[in-house]
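Each of the two complexes below includes chain A, the first together with chain B, the second together with chain C.
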Partner chain A sequence: MSSVAAYPTTWRRPPQIVKDRRWRIALQIGIFVYLVLAISTVDVNWSRVYEGLERGQRFAMGFLQPDFTSRWTDISRGLIESLTMTLTSTVVGVIISVPVGIGAARNLVPRSVYYVCRGIIAVSRALQEVIIAIFLVAMFGFGPFAGFLTLSFATIGFIAKLLADDIEEIDEAQAESIRATGASWVQLINYAIQPQVMPRLIGLSLYRLDINFRESAVIGIVGAGGIGATLNTAIDRYEYDSAGAVLLIIILIVMVAEYSSSYLRKFLQ
Partner chain B sequence: MLTLDGLSKTYKTGDSALSDVSLTVPKGQIMGLIGPSGAGKSTLIRCINRLVEPTAGKVLLGDVDLARLGKAELRRQRRRIGMIFQEYALVERLTVMENVLSGRLGYVPFWRSFLRKYPAADIQRAYQLLDRVGLMDKADNRADALSGGQRQRVGIARALAQNPELLLVDEPTASLDPKTSRQIMRLLTEICAERDLPAIVNIHDVPLAQQFMQRIVGLNAGRVVFDGPPEALTEAALTTIYGEEDWNAMRKGDAEQAEAEADARARMEAIA
Partner chain C sequence: MTEIAHYSEVWRHRTPRKRLFMWMGWLALVALFVWCWQLMTENTMWYFVLDAPRQAADIGGRMVPPRWSYLPELMQPLWDTINIATLGTIGGVIMAVPVAFMAARNTTPSQTILRPMALFIIVTSRSINSLIWALLLVAIIGPGLLAGIVAIALRSIGFVGKLLYEAIEETDARQIEAIEATGASGAQVLSYGIVPQIMPAFWGISVFRWDINIRESTILGLVGAGGIGLKLQASLNTLAWSQVTVILLLILATVVLSEWVSARMRQAII
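Right, the complex of A and B next:
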């Protein structure tokens, strides 16, 4: 072995993507030139920015001094609407999701049923809640009923898909052993499938419950009632102190829902 | 009595798992099915209760051809065939009692099984079976709380709850230690003798098969290559079933194990 002094004392990570030094410099210059040119084309209306800053400051001040009292009746009505919408739509959504989810499990049903149920799930998942809400508000008018339908519909796509995926991953041996006893299809579901997927179904339903509350605030803005509608009204009236109060309440409820549902899920697993 | 006539199974991939298997298992006979992995042992057993659909041939249980039944009739006939699985295949999150009662699923309407309101006679019989396999006090435990040997005994009780005319047993000792394996095999043979039940036991442990089976059938590449009493299972016969191997080494290993067990027993007796 030669002495330690013979080895280099510095090491640099070799370039990984562009190996040629000249190309690297050219690229760096190119990016810089592009940025300068691109920024120079942006036309900023500084007076509007200034106005916006002022409004933003009022908004921030509203947050710092949230006003729960002067619009309390509106806020509490919105809250109750939202919570009602959340709970009812989750329950209805889960009840509908269970048969759809079973139908969308490749290992339990004939191909034709599978494709129909997967189709229902695909449609429900393809449309974002806000878009469904816009449609349903146009169909059923403003208010929480449209919101309830929107959230139920969105819940179906979510729960049914995850339930179906879970059913497809069950331990087949358990299903085979029940089938071998001469059990009928419904008995197979009840004895071999349900015990295996139940904890997960409960966990998913609780998770969906808190997603639905958050979504209820969003779809309220497009007219589907609830706390979102209250928030929208407050902002439209420039009542940022009330809007701040609403936002704080939403944050609080989402946090409570989040923690309690994750606790419950842990408890049930 | 079970008769297989020209039973064949070709999988969709074109693999021929069974070709032209013909066998007769008379009442009360325990038949061991041995052969290398992939020889079609598991497929053969599953073709009988049609967990796997045979491509050709007849499966006669009594005078019913199981291979030709429609769905509803197949379910009714499956009640006559109890099956015991490798790795137990109990429904882990159900109680031991529910697992045993699930053997009655083919006999009760859905509402009874859903509400767990089984007829009194079924419940009585389930308790009787649990007592027979020595798990009377475990009835309310969840199946996943039991040890391997206990789980397999629940599996046996579940199969017997069907009041079967035939037992299909798929690698019953695959995940059990040697001592528990012997206990399970002894229990199986006793139960078959008590009820004059025929059984097909798919087993990969040759010495265990020789010890407990009345008849041994060897499969290789989906064909029956050996059929005779355990004494006739010579080295030459084993070579036709499994291919070339030093069989004496395996037997010596088994002899050592038997000695060790005998030794352990002697010591236990000395302590007692």
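Right, the complex of A and C next:
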């Protein structure tokens, strides 16, 4: 009888991630203390928020009843700038990032070239597009040309890194067999590497096209042209219905780009 | 002594027809590029572009040496930035969990209404950058940390929601069935069948997003949403380039550190 009574009737789920009980308690206390400290630094002006709610409501109405017509010339100009900027910067960025990516593949080039190319990639990836845009706008003046340069620069880091990682993971047997025919380095790239990485490179370029459009909407805020500039102006003028229209256009184009690029990538691979 | 004809033929990767199509494709791309380039540079002032190297040298000259005495002033904004990212991530994750459960095919309460709605929320949140969210929120609820936190949270919903709902859809159906076979209610199935399976993915995604949010919150101040970006904006407006250098180096250090922390944490979890 006693053994039956001792049999546990309840079961507690064992902890999954932090197994030690003391660590768990310490973590919970630490998180609690941090949250108290962090939330205490956020001083919210509630009367301002309350005032703003009415404005928020107007914005929501503007989003539901967007006004495409009254600022259509501005919107269409921003849109053309954004789209052209996206395409040209992706093309130029990919063209530059192919040699950089090959140079950053450990299995193809000598060490010195490898470090230089990895350095270029690291610099391009470390800084945000918006910060680069600030500098390029200061150097090249306002307008889509600065935006084009920003996006090309950001594209180099993205494509070159993923391409280099992809080249490092190729099937060595194929490269070996091309080498065994006495092929030169250029022939090796052309016949062993390129066929293996080309589908992925095209896929990455399409993906980057998609990202570049999204980013082109952002860098306009700091003066690099495109639809972001139009959006910034609309919000500064408190024209929430025009801003809603711009946002809807951005969402629509991003959706179309995402679906068509994922379809194309499936078709190509 | 006649040579066999086909030996002398040069091997080619593709048939002539395919090659023709490929050349047409490349030609179309080049034409499109040239056309876009002309449209884009219609209003470009080439005078400014040609002037750029001189400008770059000028700015570069003003940026060094960095004004290190500015560093102590930056600690409070840096703390704010980290708080924006962390609190924003927490808020975003809290909102993303129900959205993810509504969007996953195997847990959604209704395929026809709630699932498309959840997917729309995810797409909207993903396609609008946090800087644009911040721009809107600063106009609506006023400048300050709250706008930044809400912007980061709204932006995180899409990212976390998308990855989490994919994780939910990949759960092992047999484990869920086993829980169901014990006579568990819907909530119990969720709690004992699905949640333990997605827990590692959940923490991994959250930490990953936190890392991205640190990166993004450093620039939110440019539109008035608090943090170190405010200082950056102030320094840029007063053309204090030596302070800009200090801020950029600090941002870089923070980003690298947060990347390291998130990589370590994800390694520990998964």
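We adopt the following convention: the second predicted complex is superposed on the first by the 228 of 269 C-alpha atoms of A that agree within 3 Å, B and C clash if a C-alpha of one lies under 4 Å from a C-alpha of the other, contacts with A are read in each partner's own complex, and residues count from 1 in each chain.
FYI, a contact is a pair of C-beta atoms (placed from the backbone, for glycine too) under 8 Å apart; a residue touches a chain by one contact, two chains touch by 3 or more.
All of these numbers come straight from a predicted model, not from anything done at the bench.
When the shared chain is aligned, chain B comes close enough to touch A:Ile178, but chain C does not. Among chain B and chain C, the chain that touches a larger number of residues in chain A is C. Of the two partner chains placed by the overlay, only chain C lies in contact with A:Phe59; chain B stays clear of it. Of the two partner chains, chain B is the only one touched by A:Val186; chain C is not.
Once chain A of one complex is fitted onto chain A of the other, the partner contacts of A:Gln196 are limited to chain B, with no touch recorded for chain C.
By the touch criterion defined above, A:Gln16 reaches chain C but does not reach chain B.
Once the two complexes are laid over each other on the shared chain, residue contacts for A:Gly223 go to neither chain B nor chain C. Residue overlap on chain A between its contacts with chain B in one complex and with chain C in the other: 195.
Interface of chain B with chain A (complex): residues 49, 51, 75-79, 81, 83, 85-87, 89-94, 98, 102-107, 110, 113-114, 155, 158, 162, 168. Partner chain A is touched in their complex by these residues of chain C: 13, 29, 32-33, 36-37, 39-41, 43-45, 48-49, 52, 55-56, 59, 79-80, 83, 86-87, 123-124, 126-129, 131-132, 135-136, 139-142, 144-146, 149, 192, 196, 199-200, 203, 215-216, 218-219, 222-223, 236, 248, 251-252, 255-256, 269.
On the side of chain A, the complex with chain C involves touching residues 13, 16-17, 34, 38-39, 41-45, 48-49, 51-53, 55-56, 59, 80-81, 83-85, 87-88, 91, 126-128, 130-131, 134-135, 138-141, 143-145, 148, 195, 214-215, 217-218, 221-222, 228, 231-232, 235, 238, 243, 247, 250-251, 254-255, 258. Interface residues of chain A facing chain B in the complex, by the touch rule stated above, are 171, 173-174, 176-184, 186-187, 190-192, 195-196, 198.
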